[in-house]
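For reference, the structure I am asking about is given below.
Each chain gets a letter, A, B, C, D and E, in the order it is written, and its residues are counted from 1.
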Amino acid sequence: MVESFNSTAVKRGLAPGSLIHVGEVLDSVTRMSVIDYDKSNVEEVQIESLDEILQYKERDSVTWVIIEGLTNVEIVEKIGAIFAIHVLVLEDILNTHQRPKFEEYDDYLYVVLKSLVLQEGTFSVSYEQVSLLVLKNFVFLFKEKTDDLLDPILMRIRSSKGRMRSLGPDYLMYAILDSIVDQNFVLIDALDEAITSLEEELFDRPTPQTMHGIQRLKRELISIRRYVSPIRELMAELLRSESALIQASTAIYLRDVSDHVVRVIELLESYRDILSGLIEIYISGVSNKMNEVMKVLTLFASIFIPLTFLTGIYGMNFDYMPELKYRWSYPILWGAFISIPTVLLVYFKKKDWL
Amino acid sequence: MVESFNSTAVKRGLAPGSLIHVGEVLDSVTRMSVIDYDKSNVEEVQIESLDEILQYKERDSVTWVIIEGLTNVEIVEKIGAIFAIHVLVLEDILNTHQRPKFEEYDDYLYVVLKSLVLQEGTFSVSYEQVSLLVLKNFVFLFKEKTDDLLDPILMRIRSSKGRMRSLGPDYLMYAILDSIVDQNFVLIDALDEAITSLEEELFDRPTPQTMHGIQRLKRELISIRRYVSPIRELMAELLRSESALIQASTAIYLRDVSDHVVRVIELLESYRDILSGLIEIYISGVSNKMNEVMKVLTLFASIFIPLTFLTGIYGMNFDYMPELKYRWSYPILWGAFISIPTVLLVYFKKKDWL
Amino acid sequence: MVESFNSTAVKRGLAPGSLIHVGEVLDSVTRMSVIDYDKSNVEEVQIESLDEILQYKERDSVTWVIIEGLTNVEIVEKIGAIFAIHVLVLEDILNTHQRPKFEEYDDYLYVVLKSLVLQEGTFSVSYEQVSLLVLKNFVFLFKEKTDDLLDPILMRIRSSKGRMRSLGPDYLMYAILDSIVDQNFVLIDALDEAITSLEEELFDRPTPQTMHGIQRLKRELISIRRYVSPIRELMAELLRSESALIQASTAIYLRDVSDHVVRVIELLESYRDILSGLIEIYISGVSNKMNEVMKVLTLFASIFIPLTFLTGIYGMNFDYMPELKYRWSYPILWGAFISIPTVLLVYFKKKDWL
Amino acid sequence: MVESFNSTAVKRGLAPGSLIHVGEVLDSVTRMSVIDYDKSNVEEVQIESLDEILQYKERDSVTWVIIEGLTNVEIVEKIGAIFAIHVLVLEDILNTHQRPKFEEYDDYLYVVLKSLVLQEGTFSVSYEQVSLLVLKNFVFLFKEKTDDLLDPILMRIRSSKGRMRSLGPDYLMYAILDSIVDQNFVLIDALDEAITSLEEELFDRPTPQTMHGIQRLKRELISIRRYVSPIRELMAELLRSESALIQASTAIYLRDVSDHVVRVIELLESYRDILSGLIEIYISGVSNKMNEVMKVLTLFASIFIPLTFLTGIYGMNFDYMPELKYRWSYPILWGAFISIPTVLLVYFKKKDWL
Amino acid sequence: MVESFNSTAVKRGLAPGSLIHVGEVLDSVTRMSVIDYDKSNVEEVQIESLDEILQYKERDSVTWVIIEGLTNVEIVEKIGAIFAIHVLVLEDILNTHQRPKFEEYDDYLYVVLKSLVLQEGTFSVSYEQVSLLVLKNFVFLFKEKTDDLLDPILMRIRSSKGRMRSLGPDYLMYAILDSIVDQNFVLIDALDEAITSLEEELFDRPTPQTMHGIQRLKRELISIRRYVSPIRELMAELLRSESALIQASTAIYLRDVSDHVVRVIELLESYRDILSGLIEIYISGVSNKMNEVMKVLTLFASIFIPLTFLTGIYGMNFDYMPELKYRWSYPILWGAFISIPTVLLVYFKKKDWL
């Protein structure tokens, strides 16, 4: 499996709610940015200390705080203190082995899920945990490392066009979820390609490596499914939620994300079935191969063993063997050497053994 | 898999609701037709611009607008503007990778599903996405290309007989759904034939090609199921819907479609089981074949190897080998050459090895 | 599969509700009989025209109309007209590819299911569609051909004993359903026998024919299950129904039928598992067989190939081969010819290879 | 399968509710006993006629009537008449092919299930149907034969200790159900042992008999599961029941039985998985065996065939073969006879083929 | 399977509620400790008699009684008497074959589950049953033996920091459940390692031992799943419970445990799929191996058998064989000896047989 639980094991003795970072460290530096926007203005700043965000608390605009890198536990602790976030939520943010889930609290919503990014080269996936805290005018986004995941959304905020700027934090949440879910289609595209190439390999020249390739893909698929399928449930709960933080007009957008998730899951299931089919093809291919080899062996052995027996007879040294004296024995035997294989070959052909 | 997601990938960076066509282009020209009918009159026109349909807005008759070809994004945009359709619905119409679904809005219903058409030649299926917008007096139908899918319905509207003309847009919607669902029976007919012919091949002369044929069918089946099974859910939601746009009398017709969908899905499941059975037959057939080949080899080797050993003995050149001088040695050996195989054959026969 | 969908395909272009017979014609003549009964009287008549049943409309007695053979579409049409039956129901009666289902209408109930009858000879099943229309004082039963399916029920009506005569059309419906469902136990009995005989064959002398037998049974089972499992749901809906046509006292009888259906389905599932087990036995049996054959080959080859090599050595014609001159060479070699196989056999035995 | 349905088949023509015994006759004599008890007194009698139980009708004590042997149909009929039991219940009591179920009537409860008893010797199970009728002060228990199933309960009634005597018929029902369900643990114990011994056999010396053993166990398991799993549902319905015949304080005991049933079912599922694993081990074991045999063959053939060829060369009778005259030819050839196998063996070893 | 049911079998004859210890005895001595704590004080004592805990009944502090070792039945009996615990609960505490479950009573809650601890050495798990009785101010914990399971919780109570000390018995219950559930992550870590090492073995040098290793792991997994999956349900019931003993603020903590359980179960499912994949790899690996061996055999046999036949021809002793006299026969034959294998090798190579 991709993840290691050693750190979970290490944490076992601690009181629940003790804030430490659990999971592999993907990025050891922590970066914080604030994007504050409303219909008319956008303000983007890199901040060093959380105190700088206090000023946005009074404003009516949407304030989006992005925290990249989770090693600095104090930041999470401080956000918890300022905005009265439950300690278990803070713990979940810092523990990157979360199952995707949605939790509704009185004053905020908490969403955690995995962003799946395709790695270059052979088909392999990297997982990054993304946590969202949605408050009345604030959205906190925690991610494990710096990458370009959020660039398209930032672009849309910067350009004054589109609905983005005139809508609230719930729409921002939707935009982020949509962006993370739609990444999976890229993944599926690559999966399709990987399977197709394996399939061709299987028909052309199956090797044990092909089998390993299939198994590797199968495991990758198991792991992807494990992170994607809970999102269906997450979205269902989000849609059922009656929190004042989600406006009625946003629900229709969330339903759209939900549809996409269902489609992704169904596609993953299809690929699972197809992979099982590939294994069947491989195993039947190996059997066919052996059949062919066996036929060659049988062909050679069945034809030459009787002939060799014949030569053996006339290689014996008995004093009394009348055929040895006979003038035409040798040519007649040659006739047998030619006719016996012919008869056998015709017979085998007819029996469809060869 | 049949579809490519590259375009989905391309779209990822865009704001949701940005209208662009996503999916393979099946037809690059867009054709628009209007069929306006009520009990007494039918009017059919090919139109060039959407402005031409504005006149029907005032009438009480049912106006059916058919848009074939989805590359002209502006048409969809304009319909959205005129009839106040949600931007996500417009987006879904243009994206041909939709999962079949039904969505209910205050003033209109949205249904999207796949029309599955059997291709000529070997068993293979083409998929066309059909979207339906049902309004008070209007039905918009969007499809990817021009074909004869709707001809039977058009025929029924033209002939003044039947219920068609005296009923509303919901009955038209039913007629379209019914027509798309019932196509699947033709598919299943062809599937049945394809499986039967594979099965005969399997019993007569199984080759690796037969195995590939089975696998190809299995994948086609996976893909069909993926597009057909969500329709069950779609119909269930349609039946549960309490929209004023669906009249009570239409519900019974929709239930009929729903029954057909369930039957199609159950048949597909049966064929899945049968295909798995074919793979088992194939694999056991390969084993049987190898068994037969092995038996031939064993027969030849077991009989001739001992005999050859015998000839080897009397081919040795020892000075002192009394048998060589003996007058009857050679005929006696011939007796052995005949009796040993006979004994072995009888023994093998009895042990049921050959 | 058993059925052909060609006719469904043919019908695709028609308006829903166009009454034509769809399905294989099992009986081309249509027979109509009326059994009218109450506590005190029974009247049985063969009728030629539907007009003859109009007289029963006024009576309080239960009138059971049996229509055998579905090719005469007009009869169904006329019943629809007289008793105000929905056109889709009429269509379903005539289409013999129905999934078993129950539909409740204001004035009547519609039940359609398959009667499964075991064919003589090898295990094979024939399917006949039976439709029931239950009205206030009427029960219409449509079946595809003339057979003895209903004889036991007719007998019970004729004899004045039993509850039959004193109860209403709902009890008659129950009696018919019960009779059709209980037929399946006969089927399962035969299935059990067929499986047991296959199993014995498998242990005694497995051939590819045994495998085909298993597969044939498996397909038959798939097909039976397809027609039987929806009856569970049908019965559940019937039990949930609050129609005034079903009296409270009948519910308990229907529950009994429901129990039987569940039992039949569970038995079918068991047999499915057992059939899978048979396939496993077959495949492992084939492997064992090959193992045995291989062992014979190995035995012969391993013993005689080294000996033949030995004879080869002393068959060489070198001028200088001192052993050839030696008086005891030949007897010593015979010693080797006997001791080498003995040693090998003991070794193989010990290693459990043979 | 264990049971035969011939009798069901025979019964098919009869009116529902016709009382005849259906199923294999396990005991042809019918025995009746009455145990009447309350806090202070216990009375046990063997009775000959049902009239003898009428006297208990007036008393407040719990009267438990045990009927062993089901061939005497009149007894059941008479009980039905005296206590107004529905005819379908009476029918179910007499038909020993019942699926375990619970039915609630106004004045009585009906429970039917199977008592599973392990047979001596190899693992095999006998099934006995037990029916319970629970009335206000009466409990009727019908079983197919005389055995020691109820002895522990009788013992507890006789001894005045324990809750038994001071509680009502519902507690007696619980005690009986508990006793029947807990028998299954003995079964599972034996199953565990049987599987363990099969497993050892599989690792030591797998034979086709082992495979048959596995299959036999698998079928036994299928059959056990078929009788045990419906009890889960039965208990759930019993717990949901609001019948006045079940006191609130008994519910907690019934829940305990329910827990046990769930545990039994989960254990059975585990064993199913384990049995599938055994089949996999067997098949892979057969393959390994064949591999080993093949290796021996290959070893012998690959080493001696080339050597025999060499001897063949110098056994030829050409006039001009200079090597034959050469003094050291023979010893040099012996060198080849020794070095070639050595090289091959080393090579095979290195390639890990042998 | 891990557990033996012999003792269950032994108990079968007893009245329900007879208190005896059922299950393997893990520790024959019973130890009792009391930890009484509130915000300001902690008191820890080892007690000898239950009478010593009576004094805590009056206090408001949380009193946690830990009973290690279950052989002393009287202790459980006495607790039952003092705190009015239902006899079935007491029975469940003493029977260590419980399925994890939660039961709610008026004055107390009962939770029973298994603590899974990884054994040193190869992957193997030991199971210990832990029962919890939660009362107003008391928590009783029963476990089978003395180990360090509770040490971290004790540590947290002793240190005055953290929420522990200021919260009630429900929070203590949560802490214990959390601790037991989180142990499973350590298990999964080890499982992952065991699978990875098996996988490497499989790719490097698969032996029947590897197969046994896989099967052993599979059984261990079946057994783990059997004890872990019911905890999901247990937690769900705990969360649904409206008992006054669970405070609203604790619910959120319990939800956290519930999330962890779901994650553990999903991980276990993933590993199950992966293990099945390993078996497939193993079987295909065995086939590949045999293929390779067969190829060697075929190579040797196909090349040398024809050559040996050639030498056989010229080893014959016919008087009239003109080639024998010919000066260049022998060198020409050597040409054949070299060219025939070359041609065959090239041909095999091209056909991809070798």
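Keep this in mind: a contact is a pair of C-beta atoms (placed from the backbone, for glycine too) under 8 Å apart; a residue touches a chain by one contact, two chains touch by 3 or more.
Since the structure is predicted, the reported quantities are computational estimates derived from the model, not experimental observations.
The fewest steps needed to get from subunit B to subunit D, moving only between touching chains, is 2.
Subunit C has its Cα centroid 26 Å from the Cα centroid of subunit B. A straight line joining the Cα centres of subunit A and subunit C is 42 Å long. Shown for subunit D are the residues in touch with two or more other chains, namely 283, 287, 290, 294, 297, 301, 305, 308, 312, 315-317, 321. Taken as a contact graph, with one node per protein chain and an edge wherever two chains touch, the assembly forms a single closed ring in which every chain touches exactly two others. Listing the chains around the ring, anchored at subunit A and oriented toward subunit E, produces A, E, D, C, B.
Those residues of subunit A lying in contact with subunit E across their complex are 1, 4-6, 8-9, 11-18, 86, 88, 92, 97-99, 101, 103, 205, 208, 211-212, 215, 218-219, 222-223, 226, 230, 279, 282-283, 286-287, 289-290, 292-294, 296-297, 300-301, 304-305, 307-308, 310-312, 314-317, 321, 323-325, 327, 329-330, 333, 337. Residues of subunit A that touch subunit B in their complex: 151-152, 155-156, 162-164, 174-175, 178-179, 182-183, 185-186, 188-189, 192, 203, 252-253, 255-256, 259, 262-263, 266-267, 270-271, 273-274, 277, 280-281, 283-285, 287-288, 290-291, 294-295, 297-298, 301-302, 305-306, 308-309, 312-313, 315-321, 348, 352-353.
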